[in-house]
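Shared chain: chain A. Partners: chain B in the first complex, chain C in the second.
Right after this comes the complex of A and B.
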């Protein structure tokens, strides 16, 4: 057992028992971050802030929300929105933060793709990140169900029906997931459990693993330069701060991040106070009605690209029904990002602007996903269906081409 | 030493075996906890009187949380031996009103005698057969039993079994 002496102060008292000084060094003051990065590297901290906002606002919503088909709609739209002091604030914070967190996740993800921060030892960061994306999607979907409006109900109906496409067990699985033949009380209550307990637990755990996965291979930098972190850290500690290529996480890196977070928060609160309606679909202010489908069902903006891949295939090919092709394409879209590090056949880490073919590929993918997002929102009529189809097939072809393109880049050498 | 080691192996295996059995049983319990409740499964026999139905007019009722379309066919509508429910001397379409694509409720368009699904543009004819768009198959027929002029939904009568056999 450690020898305990009379403490010189609170910190020392804690240090003797919890080694807080060592901990602070490992986690903060001697965690080295490259200098050569830009504001895109601050997205991780922005995400942490948004997650905190979601948890805090969620706690207050949870005090009045009732997960029962007869009470849910009023508990949100009457009790929380009209009776509870500042109830509207928590709801709008929660809704807007949920929408924004996906925007930042996408930026975070595409930053990783652009700078090649998913390979040569950084695979686990990518994999845990994509797992987080998956769970966040489930979290968003289950949360969307809770106000029990028309969109809540019909989105739940459509999404749970997707599982019916799984061969053999499909239709039984759908009933099992719902706990009823249709989306009903049992469904609402179990998705409520997922939303407030199981999925948040999984998210918090995975976030910890995600951070830890960053520790060993270290943060990447703008030019993908391989740094000798120990040597650079030594320079910094010896006072050669200008010469050193790294800075400590705290206070140097975070102070820059706080600036980015500050700018982002201005925009965020502007949305919360003046434009919260973009995260609140008007159709969802009508109570759920299992006997009336809204004229046009669409998911929230962050799912539109994969939704468009799903419905882009509107005609059958030979004996395969249109729906099965769509489902297969949808499945493809949802797993393909997960295996990204293994599709990239170029072993060298380099930013996209130094990889001639990959650079074009990157921008094409981004444009294609924006097109898919736009057309996912439009009704599937006339020319829209064809544009949707072309965009959906392009998405798949881009990923099929990825291994070949990166291989060619590797052979051709990077600039 | 050898004796000791094998005894330890045995303990390890016995412990592991018990833990594995316990784990599997627990998973089974969890799966069943998620199953639909018996009350949910049992709530599912609805009786409808077909006599007040007008030709060509759609009536929608609820059965097991799903909409059921009841349509007395007019002379212009195509007969469909494999799907029509014959009660008295009239033909009826009795179908589960959920689009077989992703489960939206199609609406009845009397002028064209079609069901149209607003979600992704699927179309069905008066017998519930998919004619256009993503729906992969005709709308389903719920299990029913004919009793004079009334229909019992949820029970598999001989007429229902005949239709299923034909399909």
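Right after this comes the complex of A and C.
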């Protein structure tokens, strides 16, 4: 055992027992980040802030929420929104943060794709990130069910039904997921459990792994320059700060992030107080009613692109039903991002603007996903169905083409 | 400069998605309908000048009080709620405030032909009569008699009403307002039978429908829900505004609190952002 001396102060007392000074170095003051980055590298910290808001507001909501089909709606809309002091604020924070976190996740993801930050040692960062995306999706879906409004109920109905399309076990699986033959009280209580316990645990664990996965290969930079972090860190510590190509996480990197977070929070709170309908759909303020199908059923905006891939295939091909093709495409859409690093056959790490074919591919993908998102919400009528179909097919073809395109870029060399 | 370019790209695509899934999608899902019409143009205008004194007698003889109460004039409802529900499917409202809350020409048209004024002719016809019978007159000029009744109802109506009172007289025979502990006066089962559907609780309508929709819908339900059994209630502009603000007070009780602390928190974050910027500049100065 280490020799314990009389402590000179609280920090020293802790240091002797927990090595807090060493810890602070490893985590903060000697955690080196490239200097050549832009504000897109602050999205990770913005996500952490949003996650904290979700956890804290969620804890307050949990104190009054009642997971019971007869009580849930009123516990949210009356008890929390009207009776509890500032309960409405917690709910607005929770709802708006849930929507915003997906916006930032998408920006974060596309940043990673653009700068090639998913390969050459950074695969685990990407994989844990995509796993987080998947679990966040489940978290958002289960959370949306809790107020037991019209869309809670009908989205649950439609989405759980999707599993029925899986061959052989489909219909049993649907019942197993719902805990009942129809979406009912048992469904609500189990999704409540997932939302407040199992999924948050998984998220917090995965976030830790995601951060850890970043330590070994280090953060990428705007020009994808390969840095000798030890040498650069040494320069910084010797006082050659201008010359060094790295900066410490604290305070240098975070000082920039705080500013980005501050600006983002201005927008965020504006949305919380004045412009929340996009995140808290008015239709969900109508109590769930199994006898009254809403005129339009659609998921939250962040699921629309994959929903549209599902809907896009609206006609059968030979003996295969439209629904089954759509479901296969939907499955494809949900796993394809996961294996992104392995579809990119160009071993070099470079930002998209230095990869001539990939650059075009990148913007096409972004535009295609936006088209899918927009048409995913529109009623599937007339021309909409055809645009949806073309966009869905394009999405799949883009990913089929990815290995070839990146291979060609690799052979042609980067600019 | 590069950062601004990137920021521009991020903002552009974010706004594009927002526009697509919010304003654009809503315009596609909910086609625009004409604004509320408080003149009830389709019912024409009141031609005759009514006399409240004659109207009082006409009213008593017209049979209205066989079904309706007029509490303010010491005339209680002739039947209790249960038997009224059983007879009519819905409890006939008290008429004390009718002259204040309904548009004049609407009231006249209602007395002459209820199903027409209420826009429920798709539900009622010769074989299935509306529970409120049309008034065929006492033998004199029908339009004059009706104008007199309207004038009488206006003369006894209160000068000042609040939103809740409008709700009680105009909506409560069908709707609950659960979050204000107000429940329909009709028997639920017969009401559902009469309407063909359970009239929804109005507590959260302000959040689920919004002011604009409510304003058009209450003025003429058929515009938003073609074929619906909810009648056109015929509120005048003032009364409708009051009932909507009552719906808002009940469903969005914390609105004023929300609007009061919003600027403070946003202001706080602005100051935070400025201080963070200054700190960042200070730290990065020695790095470039």
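Observations on the model:
Definition applied: the second predicted complex is superposed on the first by the 415 of 415 C-alpha atoms of A that agree within 3 Å, B and C clash if a C-alpha of one lies under 4 Å from a C-alpha of the other, contacts with A are read in each partner's own complex, and residues count from 1 in each chain.
FYI, a contact is a pair of C-beta atoms (placed from the backbone, for glycine too) under 8 Å apart; a residue touches a chain by one contact, two chains touch by 3 or more.
Just so we're clear, the structure is a prediction, and the values are computed from it rather than from any experiment.
In the superposed three-chain model, the partner touching more residues of chain A is C, compared with the other of chain B and chain C. Of the two partner chains placed by superposition, A:212 touches none, neither chain B nor chain C.
After overlaying the two complexes on the shared chain, residue contacts for A:342 are found with neither chain B nor chain C.
Using the contact criterion defined above for the overlaid structures, shared-chain residue A:404 touches neither chain B nor chain C, since it reaches no partner.
In the superposition on chain A, contact of A:326 is made with chain B only, not with chain C. When the two structures are aligned on the shared chain, A:295 is found in touch with chain B and with chain C. After overlaying the two complexes on the shared chain, residue contacts for A:386 are found with neither chain B nor chain C. In the superposition on chain A, A:251 makes contact with chain C only, while chain B stays out of contact range. Contact with chain C, but none with chain B, is seen for A:285 once the two complexes are overlaid on the shared chain. Taken together, the two complexes place residues 295-296 of chain A in contact with chain B and also with chain C. By the touch criterion stated above, chain B contacts chain A in their complex at residues 31, 34-37, 40, 44, 60, 62, 64-67, 101-105, 107, 118-121, 133-137. Chain contact summary for the complex, chain C toward chain A: residues 2-3, 6-7, 10, 13-14, 16-18, 20-22, 24-25, 28-29, 178-179, 200-201, 203-204, 207-210, 251, 253-254, 257-259, 261-262, 265-266, 269-270, 272-277, 279-280, 283-284, 286-288. Contact residues of chain A toward chain C in the complex are 35, 38-40, 74, 77-78, 81-82, 88-89, 92, 103, 107, 241-242, 247, 251-252, 255-256, 258-259, 261-263, 265-266, 268-270, 272-274, 277-278, 282-287, 295-296, 301, 304, 366, 370, 373-374, 377-379. Those residues of chain A lying in contact with chain B across their complex are 154, 157-158, 161-162, 175-184, 186, 190, 290-297, 311, 314, 321-324, 326, 380-381, 385.
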